[in-house]
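Two complexes follow with subunit A in common, the first pairing it with subunit B and the second with subunit C.
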Partner chain A sequence: MINKNHKYTVFIIALWTLLFSAYCAHAEETAIVIKSQDLSAYNEVVKGFQEECLKNNITIKSIYDLNGKMKLGQKVVRKVKKEKPDIILTIGVLAATVAKDKIGNVPIVFCMVINHERFHLSAPNITGISTEIAIEDQLKGFQSVLGPFKNMGVIYDPSKTGSIITNAEDKIKDAEINLVKYQISSSEEVSEAMKNLIGKIDALWLLPDSTVVTRKSLDLIKSTTLENMIPLLCTSDVFVKAGALAAVSSDYNYVGRQAAGLAGKILELPDLSSLGIVNPDHFKLSINTDTAEKLGLELKVVQEDPKINIYP
Partner chain B sequence: MIKIGIRFKFIFFTSLLIATIGIASSWFFSTQTRSQLEEELKKRGYSLIAQLAQDGEVKDSMSVAQKAFFEEPIRRLRNLDIEQELAYWRVLLAQDDVLLEEKEKWIKTEIDKIPVHNNIEDIIGPVFSIFSADNGEHFYDFAVPIYEKHTITEEEFATQIFGSEGEHNEIGEKLLGIVQIGLTPERINMKMQKILWTNSIPLGIIIVLVGVGVSYFIASSVVKPIEQLVKITDKVAAGDLGQKVAISSRDEIGLLASQFNQMTKNLKQLIEEKEGVSEKLKHVNKELSSINIELVQKHEQLNDAQEQLVRTEKLAAVGTLASGVSHELRNPLSAIKNAVFLLKRKLSKEAIPDIDEKILQFLDIMDKEIDRCSKIINDLLGFTRVTKPTRLSSDINTVVKEALSRVEISKNIKVSKHLQSNLPKVMIDANQIGQVLINIIDNACQAMVDGGKLKISTNMAEGFIKVEVGDSGCGIPEKEIKKIFDPLFTTKPTGTGIGLAVCHGIIQKHNGVIDVKSQEGIGTVMFIKLPLGEKDAGPA
Partner chain C sequence: MAKLKLIMSLLIYFMLSNLTHLSAQDEETGLEDMFAIFTEEEIVVSALKRPRSVSKSPAIMSVITSKQIKQMGFRTLVDVLKIVPGFYISMDETGEREIAVRGVLDDASQKIKVLIDGHSINDVWRGGAMWNFDDLPVENIKRIEVIRGPGSALYGQNAFLAVVNIITKDTEDIDGFQVTASGGSFSTQNYNMLFGKEYGDLKVSGFLDYFDTQGFSKKIEQDVLFPAAASRSPGQSQNRKEKTDLNLRLSYNNLEVKAKYMKKRRKDYIGVGDALNEESILRDTYMFTELTYKLSLSEKLNMTSKLYYDQYNYDPFFEQRPDGHLGVYPEGIKGQLRFKQRTIGFENQVNYKLFEGNELTLGLQYEWIHQHDIKYGKNSHPITNANLTTVMDFTHDLPFTRKATRHVYAFFLQDEWNITKDIDLTVGVRHDRFTRFEGTTNPRLGLIWRFIEDAHLKLLLATAFKAPSFQEMFLTNNSVKIGNPSLDPEKINTFEIGLGYHFTKHMRASMNYFYNRIRDKIILDTGSPKQFQNGGGSRIQGIEAEWKADFGNDNYVFANYTFQDAEDTRNRNRLPDVPVHSGNIGINAGLWKYANANLTTLLSGPRPREDGDTRRDIPAQALVNLTLIGKNFLDDFEVRGSVFNLFDKSYYDPAPQDTVPTDYPQQGRSFIIELRYQF
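Let's look at the complex of A and B:
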């Protein structure tokens, strides 16, 4: 004779299974996340994506970490193909590159790819979220910290961030700011660039340019700007933490959420389509108060805003 | 003294200059080339070591510390070493273990003599150094740290931008060890030698030879015209001003030649002008000389005339005095003469036989002295009565002979006559000239008291008849010669000093010249010159 309790338990389980199956039968879309390496920023994106997927009835089948290894990436992609997800989220350039190269029949949403234009991440099945915040928003953020300023200097490698400058120039001019540019082709030229710009600028805009930003040059840029009382404005809160005055950067959690939103939209489309490359719709302002103090800036109003990250 | 020509100097110094420049250039370019080759060697070393650093197989071999896995990377490395400069290679693991070290067979230095890099953790990028072994070999040493890369560069950069938490720190790379290679600069030395012997030296020799040739050519083109110029200059200096330099080049030498020709032309002109002026000067000089002579003559004449004037005035004064005194004295003298005559008659021996002889002597003395006074008076009167000569054509020799016959010549005086025959007749007052001759001959005899020679000669010269009367007497002192024709001047103890003055007057009236030459102790010569061609003036 079957115990009554056991019967009850079985019933509950069956009911749940039925319900779950029904639920699962209803939520057919699956997603796989491939992140390039284990970075906290990438993990934030995953978190946001997961949270938003739940709302959009997208099931995340697997999350793969390529650990920065190209070969592992190729292995993972083969696995992913077998799993046949409805959509793939790639985080970072390695994952995006590998997925784009091998997968053409599944929609891919990429994010956290710095200067994505360099990597030709465009295909009928690829949608992306750029890491560049709209220049107007950046300037707004910088001016809320600094107040109005006239001359903004920028050092850049045209082969890497030339398009950012080209796209931003007119808008910077509209904001009545004079963009003082200095082109370099190797990181050894950063010192010369700094010497050239100091004295001509009110602030230095640090782009995510791997020719400009190296471990060596970053120290030089930080020390030189501070010595000459020039605010260093950038696009990474990591640099603000390290001593730059302010940064307007993506909110990584919201990037994940935005990616999930895009995934939902793509999955609703009848055919395999791309929604193009969009800017992040959420960004954060980070400020280093120590640096502000050294530069003699008053940040009372800014400090009161809870959305602003204050360092240290 | 050795003469060094321009040609030699030019060629020598040009060649020296070319050689110096050539050597300096060669040295400079050799140095530059060597530096360049060394720099290229350095670059190749960096390139090779970077190749090793990027070689995944090297990283894999080091991560598993497997020596055999290096064979392929080393083979690839040696293939890249086209110049065969790779001398040695060494792989050092992070724990300071030497995993692998090898050298090429032709390297004499032992591998263990090549220093190992210590403190490899401190090496963050490629390191370069030059190592010199004890045996003289040199090596360019390169070392580079090998990291186990976590991920691709772009993801590494993403780590920088987005930050990281996890296994990898800011550096994000694990040090596996270092790879060290050495390159030998021996090939550079061989290349330099080759460049020197195949390029520099032959080129240098060619340049010097060409330089010598060109400088010889240039020197000749300069020296030849100069030599020609020198030859022409010598001829011009010797007086041949018609020479011309035939150089027509359009340069400084051509200009010099043309200026030289102009100069000789001007010189010739100047010399001709100078000669013309010289001639004129000579002519003028001649004229001046003759004028001078005339002036001298005139001066002498003037002096003579002055003397004559003085003498004439003196004579006139003396004459006037003499005339007056003579007349006054003549009468008393006559009376005294008569009285003496009477006394002599009265006091003669016949009349008074024992008369004192002394009285008779005194009367003789008185008679003689009266005669002498009469003579003086006559002479004085004669002097005052010199009349205008009555000139008749006369034979001078006859007049001379006549005068000689009328003078009492002492036997101790030898007379020599040199009377030129066939002398033309001369218009003279024979009496007066005779008087003159008598006076002169008498003076000559008086000068030869102790005997001597009397020489008389006549001849014709320059339109004059010349009569010379010379004696070998005591001569006349020089300071007195000019005075002998002055009236009342005499050197004789008993003379009146009128004789020669009268002679002078007579000769003067004949338009002749009377002159004297005398030397004390030797003798005196009197000269008379009577002009030929004078017409008969007729009786006074």
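Let's look at the complex of A and C:
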């Protein structure tokens, strides 16, 4: 038999629980994800973001997909504004551009934008994670595979990846590596660039530059480097899967997690502000053993490291 | 046959399996993702390319965005142009807003070319666009690009002192519906519906706008007839207006159709001839349609073809003098005018990338302009002014203008060359040939040098022309002024030098010097009646400076200043009615996500009188406008309130000598409240 006092106690506890839940629900921060298109790399970021948001008490209200179309931006932005999120994660340059142009009063975290400087994404409400791993870490990774090397070639379109080169040059020099640059403005010049670089370089650094890397030119780059026993070093593991020797690249799941971490920090700030653009805090080294074998490289030591991704 | 089928089947099988294999391989490695990201980059790059930034444009240019228009509470085109350096707006006796640019104020603002999405809306009767479009609604405007300086090398006639290009919102910008209702002082009401939808490849956008106001009314102590018994002064000025505006834009792949319809009825403010009246009513209808086809022949070669039709119906009833005038006109002097003007035009433009960083533009244009359906009725004889008992039809015997046709043939060529990363050179020339006067060739040269990061220097040289308007050529049977069919175009030579600098990412400033020399000005002579003649010229030089500090989140401060020294080349008299010094100061505060506040001050120095006018200069003035926006408190709903002339300052626009001695009084404090819903 429950006496009257117990009833009151139960009632007060229930009421307190209800109020506390309501307070907690209110205190919970909300996020929205806008991805530029439906790509497995982007979905991996979303996955990481979702996992980390759970830990940070951030609720993801919606995930929008622009389907690679800028014109969907306005519609998505309108929906986003209706939902009034506390923070927005954009994945890919399209989503970042749309959000930057149309949303000024909600903090935005962007990621998966190659060479973000090219797209002028800085704003007081924008924080970002660059796709580029710090050049020192890239070189360390490459040297762990190849050992010391002197001359590293690079083909690039200055209008697309020029700033990556500019930012990296001094640090490459500090690592006592000579960067042999070749500028192109059209993918048709890749063949000429390769001819020019052969004989001058010990390795070729392949940047995610759409003038340099096309379906056609990638085959040419792979075959030319293999024929001339030049290791092909990249900034994305997809090229390693496709036959390049090694890549130091970000882990997409970790990028999502890092974005959630940044979101948590931004939401703790008293005012709308930016944490700037940061490098990915996790990266991975990927190696293609078939290619290594063709190049005659001995990889026993690195192969044993469980942190290294081995392809195929 | 069976063998052939088998071979074909095998071939197709191998091709397909190979393709599938390649694609599967790409998918497996993630290369498809990488190429998809590259494609995404290209989409963004091409979207960011347009519009070209002010620092890269080979002109001294101001860009006003829809956001600024909304924040500053602007409601019409002239409201927006008030904040452009070098521009000054004043009102004439009929209530039409006239724009002075770089020290020159002329009838109907005919030295400014106004374009809506690249389509000219200058009418041929007066040569300007302000008679019809000074009150163009701004609700559907995405941005306004104002080129301060000549543009005839690309845009032809009337791009003399400035080019105002209005870019309207398209389906992407609207994406749905927006309904706006507003009301305020002087029984003003305005309803606007904006729409934009995509149905597959078909894009439909447009707007409907209805505007009605009693307008502000001021006491006019003396009009031109004062102290004659017939004068209605002291009396009230009038500003009643009713207007309907429709816009439609349809596009399907490379094909686009644009259409506009505008119908307006209004009273004239003081009256034609500066005599207060009651009966005048000004009626205008303007419509145009344009068909555009864009063809991309290769990566380097693009072609745009336009075919367009414009129609302007002018149908006013004027009470030039009130009842009892001079004791001779018991019914006053009244007249009914009418004409229609049609323009059919064709333009073809080809853009060819000669090499990386160099783009050549070639174009040709043809226009057939025809004035017809002329009607003229008056209750006094058009030449002798003898009183007639009723309004008589003079359409056939003594028409006020005549049927006329003008053909315009034009060819233009422009090369934009990005010589180095930091130097751009633009060279262009356009030749226009008109029936009735020889052709005119107008070159243009623009050099931009980004001499250090964040700073640019512009050197610009150009000539431009203004074709004589039909009024200047074909006005006839008029006791006051008549046209002159032998007029030549007015010409201008311009030199400009501009410097722009981004001090920090939050602060930028620019300054430019201009020197204009106008010749063969079209002016009225001193005969009786007065006739339009080419004569004399002007020399204008000045400095325009702009500064803006943008702290993000809609928090910004801006200021601009204009100095203009405009004089007649013959007698060195200062050109009248335009201030030597003017400027604007504004502050916008995005207070928080629910509110925005904007305070803008329009400043003007004294405005000089014309030579021989002994009245003191129109005094300096400072007008403050305040706009508050409330947003985000209800989904898709916004409220905006503006107070214009916040401190209720009395100010006047200049009336010519011997007309209204105390000038044209302007609007005191007024307010408007607007509700906007988007769905």
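Quick note on the criterion: the second predicted complex is superposed on the first by the 286 of 312 C-alpha atoms of A that agree within 3 Å, B and C clash if a C-alpha of one lies under 4 Å from a C-alpha of the other, contacts with A are read in each partner's own complex, and residues count from 1 in each chain.
Going forward, contacts are C-beta pairs under 8 Å (C-beta built on N, C-alpha and C of every residue); 3 or more make two chains touch, one makes a residue touch a chain.
Nothing here was measured: the structure is a model prediction, and the numbers come from that model.
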{"item": "Simultaneous placement of subunit C and subunit B on subunit A, clash or fit", "value": "clash"}
{"item": "First, second, both or neither for A:93, with subunit B first and subunit C second", "value": "both"}
{"item": "Touching partner for A:289 - first (subunit B), second (subunit C), both, neither", "value": "neither"}
{"item": "First (subunit B), second (subunit C), both or neither touched by A:104", "value": "second"}
{"item": "Partner chain(s) touched by A:39 [first = subunit B, second = subunit C, both, neither]", "value": "both"}
{"item": "Touched subunit A residues, subunit B compared with subunit C", "value": "C"}
{"item": "Touching partner for A:122 - first (subunit B), second (subunit C), both, neither", "value": "second"}
{"item": "Touching partner for A:185 - first (subunit B), second (subunit C), both, neither", "value": "second"}
{"item": "First (subunit B), second (subunit C), both or neither touched by A:208", "value": "both"}
{"item": "On subunit A, the residue positions that both subunit B and subunit C contact, one per complex", "value": "36-37, 39-41, 68-70, 92-94, 112, 114, 208, 210, 213, 215, 218, 236-238, 241"}
{"item": "Complex interface listing, subunit B residues touching subunit A", "value": "150-155, 157-167, 170-171"}
{"item": "Of all residues in subunit A, those that touch subunit B in their complex", "value": "36-42, 67-70, 92-94, 112, 114, 208, 210, 213, 215, 218, 235-238, 241, 252"}
{"item": "Residue numbers on subunit C that touch subunit A, as the complex places them", "value": "26, 28-31, 33-44, 47-48, 171-176, 198, 356, 505, 551-554, 590, 592-593, 632, 635-636, 678"}
{"item": "Residues on subunit A engaged by subunit C in the complex (per definition of touch)", "value": "36-37, 39-41, 68-71, 73-75, 78, 81-82, 84, 92-94, 97, 104-105, 112, 114, 119, 122-125, 160, 185-186, 208, 210, 213, 215, 218, 236-239, 241-242, 272"}
